[in-house]
Structure formats: C-alpha cells, structure tokens
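One structure is given below, encoded as structure tokens.
By letter and in written order, the chains are A, B, C, D and E; residue numbering begins at 1 in each of them.
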Amino acid sequence: MPEAPPTDEGWFVLHDFRTVDWDAWRDAPEHERERAIAEGTEHLRRHEEVADSDEGASAVFSVLGHKADLLVVHFRPTLDDLSRAERAFERTALAGFTTQPTSYVSVTEISGYSTPEYFDDPDSVDQGLQNYMEGKLQPEIPDDEYVSFYPMSKRRGEEHNWYDIDFEERAEMMETHAETGKEYAGKIKQVIASSVGFDDYEWGVTLFSDDPTHIKDIVYDMRFDEVSSKYGEFGQFYVGRRFPPADLGAYLEG
Amino acid sequence: MPEAPPTDEGWFVLHDFRTVDWDAWRDAPEHERERAIAEGTEHLRRHEEVADSDEGASAVFSVLGHKADLLVVHFRPTLDDLSRAERAFERTALAGFTTQPTSYVSVTEISGYSTPEYFDDPDSVDQGLQNYMEGKLQPEIPDDEYVSFYPMSKRRGEEHNWYDIDFEERAEMMETHAETGKEYAGKIKQVIASSVGFDDYEWGVTLFSDDPTHIKDIVYDMRFDEVSSKYGEFGQFYVGRRFPPADLGAYLEG
Amino acid sequence: MPEAPPTDEGWFVLHDFRTVDWDAWRDAPEHERERAIAEGTEHLRRHEEVADSDEGASAVFSVLGHKADLLVVHFRPTLDDLSRAERAFERTALAGFTTQPTSYVSVTEISGYSTPEYFDDPDSVDQGLQNYMEGKLQPEIPDDEYVSFYPMSKRRGEEHNWYDIDFEERAEMMETHAETGKEYAGKIKQVIASSVGFDDYEWGVTLFSDDPTHIKDIVYDMRFDEVSSKYGEFGQFYVGRRFPPADLGAYLEG
Amino acid sequence: MPEAPPTDEGWFVLHDFRTVDWDAWRDAPEHERERAIAEGTEHLRRHEEVADSDEGASAVFSVLGHKADLLVVHFRPTLDDLSRAERAFERTALAGFTTQPTSYVSVTEISGYSTPEYFDDPDSVDQGLQNYMEGKLQPEIPDDEYVSFYPMSKRRGEEHNWYDIDFEERAEMMETHAETGKEYAGKIKQVIASSVGFDDYEWGVTLFSDDPTHIKDIVYDMRFDEVSSKYGEFGQFYVGRRFPPADLGAYLEG
Amino acid sequence: MPEAPPTDEGWFVLHDFRTVDWDAWRDAPEHERERAIAEGTEHLRRHEEVADSDEGASAVFSVLGHKADLLVVHFRPTLDDLSRAERAFERTALAGFTTQPTSYVSVTEISGYSTPEYFDDPDSVDQGLQNYMEGKLQPEIPDDEYVSFYPMSKRRGEEHNWYDIDFEERAEMMETHAETGKEYAGKIKQVIASSVGFDDYEWGVTLFSDDPTHIKDIVYDMRFDEVSSKYGEFGQFYVGRRFPPADLGAYLEG
C-alpha cells in the first residue's frame, strides 16, 4: 500500500470571508457607520496584535467581486482560538453590516516528501532548514500585498489517483513542483494548510505577492507540473489585497 | 453477483446543524437572549439526560466556519424519537435565533466483513466482542472533545466499482482499513451509521478526539487505504468541539 | 439499436415537499395557528378522500432533517388534477407557514421487460397478474408506515451505458433485480413512476415499510444488483412517516 | 477536423419562468389581486397578439412543482424584442407577486445534416420542405396543450465526443433520431433552438402534445437513440400546460 | 514536462453583473427612481470616460434572462482600480435597487503560442503585430453591439489533458483555432483575459458583434476545433447588448 508522508502541524487557520451589505451601509445613519468602523477597526487591530492569544498572526484583506468583500485570516495555536475570533467578530457593530458567505478551516502543515530526516528528528537538520520549516508552520503575513486563496485536493481518478501511487513517485513530483516554486522566490510567499477532516478540500493555499500577475504566473506555470496537471483538483479562487485595520473606514466609505 | 455483507443496526442518528443569526442575537433585548439561553440549555440538558426516551445519547458541539455554528447530535431507538427531538428544539426560544442549514439522518450499523459468525449468532462470539459490537450500535459520546463529521459513499465508477467486486476482496480491504484504524486506538473514537435509503450519501462518519490533529492524521492516513483511495466518495466536512449545555450562554455571548 | 421496452402508465404523481417556518409558527397567535391547522387538516382530509377527482390517492408524511418537514403525495388521473391540488394547498392558511423546497412530478409506469405478453394484450395474462399490474399503476398508500423517496436515472456512462445495451441483457438484469425485491415481499411496498420528460431524473421511487431498517436493507442489497451498481444514478433521499390528517395539529405543536 | 453543419436561424426565444409568491397573493387585498390579474392578462394578451413587434408568437403555461408556477414563452425577430418583453412584464402589478427562478435564451435553428441542398439554396428544394423549414424557424405555439421544456448539450466525453466525430457519422445518427421522431407525427410538436453562446446548454427543446404520456414516451424512446444515449447531456425538465391569458385569474385563484 | 507558453498581461478586468430588484423599482416614488437614474448614469459616464484612472475602458450592457439585468465591464491598469470602481457603484442610489449575483475577475493576456519572438522582444516584430498585441491587452469596447461572456478552462481529463501535452501540439491546435477565428474577422471582436489564480475558471472570454447569430456561429464552429471539442470546459454564458449610460433611464423604465 502507498505510504502517507510524515507530517508536522503548526497553527490552525481560519479564512473568514465577509460580504458587506452595502444597501444597509448606505442607508445607515453616520453615527452607526462610525461605530461599526470603530468596533471593526478595534477588533482587527487587537487580532493583528494577537492580543487574544499567546501567538499567531491575523490580517484583513479587501476581496474583489461578488464572492466576498472582506477576508479576515487568523493563524492561532488552537481551534478554540479560531472559534473565539470568529464569534468575537460577530459581537462588533461591523458584523451587523456583513454576512459570512464562506470560510475555510485548516492547519498549517509540512510534509516529509523531500526532507524525511527532519520528521525523524528536527534537530538533525541545520538551523536554516529548521527556521524554514518553522516559518511554514508559524507563518508571517506580509504587509500591503495581494492575496490569492484557493482550496485544493489531490485527484483520486479512475486512472490518475494520487493516493494510489508510490511514495517515491509522489516525492519526485513534489520535488519538481518545488523547483517551479523556487523560480518565484522573492516574488511569491505561500502558506499551505491541511484541511483533511476539517473542511471540504484537502488543503487551503494562500499566496501573497506585491504583483498580482506573479500570482497568475505561478499558478499557471504550476498547472503544467504533473502534480497539478494530472493530480490537482481546485476549488474556488479569491483575490484581494491586504490593508491595515486603520484603513477599514476608507475601504467602506469608498 | 457480489454479495451484500450481513449487517446489524442500533440507534437511529440525527446530526442537526444550526446557524446562529448573530445579527438578531446582537440586537435582541437582554431578557430575550436570557430566555433563549435558558430554554436552549434546558432542551439540551433534557436530551443529554435522555429524558425523552428509554435510551440513547445526545450532545451539542460548537462548529467552526460558515457552514454552521452548532451541531446537536441525537442517538435514539426510533426515527420518531429523532423527529420529536428535532421539533422540540423548534419550540424553544433559542430556535428563533437559528436556522437549520443542513442535517444528516442515519442508523448505527455494523457489517459482517470481518466477523461473520457474530451475524449468524451474536452469542457465538466472546463477551468482549459482543460488548464491542454493542458499543458500535449504542455509542457513548465522549466529553469535551473535538468532533469531525462527514458523509461518504462507496464509489461506483466505471472502472473502480465497490459494489461490483467480490465479498472476499472487499472484506480484505476493510480489514486493512481496520488496521489503520487500530493505530489510532485511544486517540480516536469513531461512529459509523448507514444512511442508505435515508439521506444523500451511504454513511455518516463521526470522529471524536481530544486533539484535532489526530482527526487530520487518521483521515489522511486512511485516504491511502485502497478502500478510500479507490472507493471513497466524501461529502462536506464539519469540525467542532463538544461543550456542556450549561456553557451555551458562554458560547453565545462570545 | 437497443429497443425501448413497452410501457403502460397509470396515475400521475406529485411529491409535494413543504418546509415549516417554525419561527413564524412559534410567533403566531393561537387563533392563527388553529386556523392553519383546521384548514390544513381539511385540505389533507379532502384529498385523502379524493373529493377533488374521480379516483386517486393522497397522503401526508412527516419528514426528518433540514430538507423538508412535510411531504404530501398525490396520485391522480391527470396532471391537471395535480396542478389543482398543488394550488389548493396554497389557498390554505397552513401554506402561509410553509415553503416548498422541492417536489417531484412523475407518472406510475410498468415496463415490459419480464411480461411482454401483457403489453401486447393485457387480457392475455391471468387475472392475478392483471391485478398486480393494476396495483402498480393505481397504487394504494399504506397506513402509518415509514416512507423513503428518491429519484433515479439509468447511467449513460462512457463504458457502462444502460441505453446502449440489448433488450435481453437489460431484461435479465431487471429480472435479477426483481428477485432481490421478492425477498422483501411483505416487508416493503414500492411505487415506481417515470419522470422522463417531466422532471430531472428518469424515475421516482417511493418505498413504504413499517420498519425503516427494511428500507435501508433493501436499498443496500439492491445496490449490489448489477442494474444498480453499474447503471443506477441516485438523487437525494428523503425519509419520513405517514400520519393521519387529524394528527397535523399534534405534529405542528410538537 | 470534423465539420460543423450549415445552419439557419429564425426567431429568438425567451423561456421566462415565474414563481408566484402565494403568501403575498393570499394576503393581498382583493383590489390588488384584481389589478395584478388585469395587468397580467393584458400583458399576456398583447404579447400573444404580438402587438409589440412585427412578427413572433407568445404563450403562457402553468408549470407543475416547485421549480416554477408560470412559463411565458416569447418568439421574436430580435433579442431586443425579448429584452423589452421581459422588462414589460416587470412593469405589471402581476410581477410584484412573482420572482424569476430561471429562464432560457436561444434562437430557433435548423441544421443541414439531412438536407444540405436547402442550406446552399433554399429555393432549390420543393415548397413543402421550404414550408417545413420555415415552420421550424418561425413556429406556431399549439393551443391548450401540455408543454415540456429542457435544455441539452452534446457530450464531449473522453471517449464519446460528438464534436470529434465525422459529419457523415453524425448525419446518420441524426437521421435515425429523426425516424424516431416521425413515429410521433401528429402526437408531438417540437421546437429546437440553439443557445450556443447565449445560455448554459447548447440547445433548448420545447415539446407540445395534447397527452403528456406522449411526451414521456418520445423522450424515453429517443433516449435509446445513439445520438441521445451516447451523446446527450440533459438539464432540468419542466412540465406544464398552456392556458389562454383570460384564464390567468382562474389559475391564480385556484 | 510540458512547457507553459510565455505570456504578457495588460489591463485587469472586472465583469460586474447586477440584478435589478424590479419590485422595489416599481414601488419606489418617482424622485427616488430619478435619483437612482441620475447617480447611476453619472457613475457609468464617469467610468466610460475613465475619469477615475489614467487609462482603461468601461461599458454597460443590458443582459437577458434571470442570471442578471445589467453587466458593467471595467478594464483598468490595476486590481485596485477595479476594487474602487466596484465600491463606487455601491455608493450610488442605483445600487440600492440592485444585487450582484455574479462577477468575474481577470487580466487581459496574450500567449506566445504563435509568435514566440514577440515575447522575447516586442520590438523584434513589425508595428502592425505590435499594435495588434497592444489591442488585445488594452482593448476598446465596441459601441452599441451585442456581447457574450463566458468563463472557460482547459480540460485536465484522465485521457485528454491539455496541460500534459507538448507545447508544439498545443501551438498547432491554437493555430487551427485562430484560423476559425479569422473567418469571423470584421464580424466578431474578442477579448481574452486570464483568471488563473483570480477566479474559478482559467479564462474569461468576451465576444462582441452587431449580430448575435455571429456569436452563436463562432462559438458553435469553434466547438468543433480540437482545442475546444477535446479540451474546452465552459462555464455559464451571458448575452446582452451595450447601451450608452444616457439610456439607463430608458432601460429601467421599460
């Protein structure tokens, strides 16, 4: 039987998408809009400062198109932290102007396809690799950059079935895939989080870049990698841009 | 023709998901929220105590993300018990603050792939196995643990068709699958219930663990089992955590 | 070219699913609820008595889970009868507390796979068979039993295509399927109705039993029949229980 | 490369489905219902009389089940005519009691699979065939008959791909299909309209008959034609019955 | 491994679909409708004049059927421009009479299948080709013409997988496809924009013509091209017609 790769997990992740009820916003008296902005900004600022937990990271993004208007991403040590953050938003006056059209629950994950020795003993690898792995499990969110989020699974087709091929063959495909990724070093930051058992696809992918065409380019290039072309199943894609909590009012007012 | 395995059935199961109308909750006067909490808590407590029937088990869970906020699970001897429990919830003031985005109807089931002798005569097997089977049919719900629920069917693909392969081959795959499960003994409790003829997939799977990464790990490991990789079709996944009815107010107030 | 089987048709069928707006129900003054119960009961009673047409049959069922709360089934000689029954419900005060989440339109049908002589000349077969056929076309609805409804089509896959195989081979598979059915004689009553040209699947199947595990068992057993395993495509499943119109109030009040 | 058949186009078609808000209807004061009936009737009458354009045809149908209550079909020389008809409905008081759950946009089309000479020069064929073709492009809508509407596409499967087979082979299959159709001459009238580039499937099919079992029979028989069994992909099916605009009030009042 | 083609990108694109709430429109007092028309017209006129950015193009279209009533298309140099345009609409009184049922985010793209030399050095090709490429990246929107929009992806089937075939073979198919397109020179204008990483399909296609049957014809003809027949996966299709902002009132008033 094909073997599962060893994995390690870090922070749990909530992608919390929100749609603004622009009709309600337009019709609300100014003091209600001001209160919504004040409470929303405060909620976002506190979570970006991780005032609710020992560690983690949070950020808010504007989102293009009808699928959502805002995306709030939380990385936290426990699912309970995420549940509290989700409900805390609902207690703000801002929440009264939003609905939650979708969301995604996952946990940051690294897999031992390329560096099995790390998974046997993390201290057996050099500090640089340890830091790299740590950065994957407890990622920072870049400032003022574009974001793309999409969930994905590995195909279990009748002919092409990721879960039915040998570890070595999978490792080789993952290696080639990583090569494509390296061409985007410095242009793209990527967070991979497993949603197996938690949400409808197997992983959530979050890409950051200061140029959205880099995002288009890396996803397109990677689609030609065997691991994607034959084995990738993609869900919906969302694109947006990070803004500081202090700009929430500017975003909402246009 | 391939033969169906012998089966035995126990309690019927309702997974009743609820979404909280947080806008209504935020805007409601305190006495209405207090009444909703009081009636909701009382309803949940009575059902956890199985005051409505001779036997069974019930529990309430918080759920992460947009798909639901609460999951109430009822195990009861009859479908009528489940219908009454579902409608009883609707008579509480809490129901006025919720909608029911989804649900799942099933009956706990054991299959005779590995122990056919039990299905010929339950008394022919030792007491330990009898107790094990009983525990599958009339399961207890663990306290204060994380839960994952998902429905699944066996694939009837043009090439890989579970229902078109021999009993023995299926039994062997189920055996291998059970081996994977045994590696999680003490970490994961699992309830399997058939929804054939009752709901949209063939089975509902409910996993419990005190560590959500165990849930991720077992589902991921099992995906490499032939029975899943080639023959599993999965629906939506829900993740949450059990809380005692007395904590309903704390959950709703944030 | 493969040949279509001869068919005969009987009554047209409407499966009319209704979801109760429990919030509106909870909040309505008693006299409004009483009027809704009175008008709803009267509507159901008149249709069970077939006061609206020369012949037919009607029944109401409670339904478990979020997909519906009530299922009203009408068998009538014409589509116009069904249209009138559907609109007559909308004129009751009960309708104001319900929405119609789904429905199914079909016509009872028998196919000449096993008894072609009947379709050449119904009088050529013995009275017992004639009565059997008649019962399929103008079915009675059993009292106080559980019901399962699901729509289905025959697969037209690239490899396994029901409509591309010979009449004889199809007839043989239907015969084997009927054998499985006979093992449930006395336990399960089944109504088959064609929705080809009328609704989204090709047939609607309605099963009745006094024990819901018989429903689970027959659908599971039949799934191993080649006709289902290779050629069946199933839609959503609904499960519920018949109740007399006089119990409508008891159902709604909990 | 396989060749596209020559085609000719006639009137553009809008299938405009409407769901009645029966709760609003039940609760509306009589004068509002009367006004809605009057304006709705007048709108339908004017469009049946084609008072809005030089030529065309329109009709209204009751529809069974939850998918819609009314279907208004317009045939007109331009898409602009259809847009005006759609918006004109919205200006009636009747529209206030309806929503538009679905619709279909297409253009009547004939294809040169069987009579290529007509497409080279319409005058090269006899007057009977010219009239037949004209009737396909500018169809009449039969009085007081049942209607079935469904959209369809030709399959582009990995193995069976309509668009990848030779013109001659396709022409042969279309010919066989036409033979099946001829068996229903006098029983079924059929309108075929292309929605390629306009709507989600490739064609919309509208069938008329004074007996709905003829509709079931022709669609079932044709499903065994290779062109359907291997190459047909069908959308949702809708069934209803034409009524004269003057009966709108009777329809709405039950 | 198959190689991705070189690409170049131009303006970002937002297809912003809007559904008119005709009930609210019908019931609104005249001064509110007048204000909505005035603000909507001004918003559209300013964006058609590209008063909000250095360069770009915008247009408004009426859309047939239930999927939308209006389509506003914006081409702009940055995603931020699109986000501002989307939110600016929400600040108009017109927005209060609309919802946003769907949308599409993409970036105009040219691919180096046929002219790789351009992608090495744009100045290495003649001015005519440079202008052609420029026109693809910074397109003009034709006046008063019909529009068809649909998203599409290249198939990654188990047998036919676009991303698994050689660059040369893909280039050849694209060349044949372009030949089909050339037959519609002067009849059809086409804008191709990549949505890889931004939205749910891989490209958005926008076709313009003064005759909607040309749109039907080109999409049908191209469906027989191998690149579409074997490798095209299409989403929903929308059809409409451009109108000048000054005609917004006429459109809304019928």
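Everything below uses one rule, namely that a contact is a pair of C-beta atoms (placed from the backbone, for glycine too) under 8 Å apart; a residue touches a chain by one contact, two chains touch by 3 or more.
On a predicted model such as this, the values are computed, not experimentally measured, just so you know.
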Superposing rotation of chain A relative to chain C, computed on C-alpha atoms, to nearest 5°: 145
Length of the line joining the C-alpha centres of chain B and chain D, rounded to whole Å: 46
For chain A paired with chain E, centre-to-centre distance based on mean C-alpha positions, whole Å: 28
Multi-chain contact sites of chain D, meaning residues that touch two or more partners: 158-159
Arrangement of touching chains [line / ring / star / complete / other]: ring
Sites on chain E touched by chain A in the complex: 1-4, 7, 9, 12, 14, 16-17, 79-80, 82-84, 86-88, 90-91, 95-96, 100-105, 107, 109, 156, 158-159, 161, 163-164, 194-200, 202
Touching residues (chain side chain E, partner chain D) in the complex: 20, 22-23, 25-27, 62, 64-67, 146, 148, 150, 157-160, 176, 207, 212-213, 215-221, 223-226, 228-230, 232, 236-237, 239, 241, 251, 254
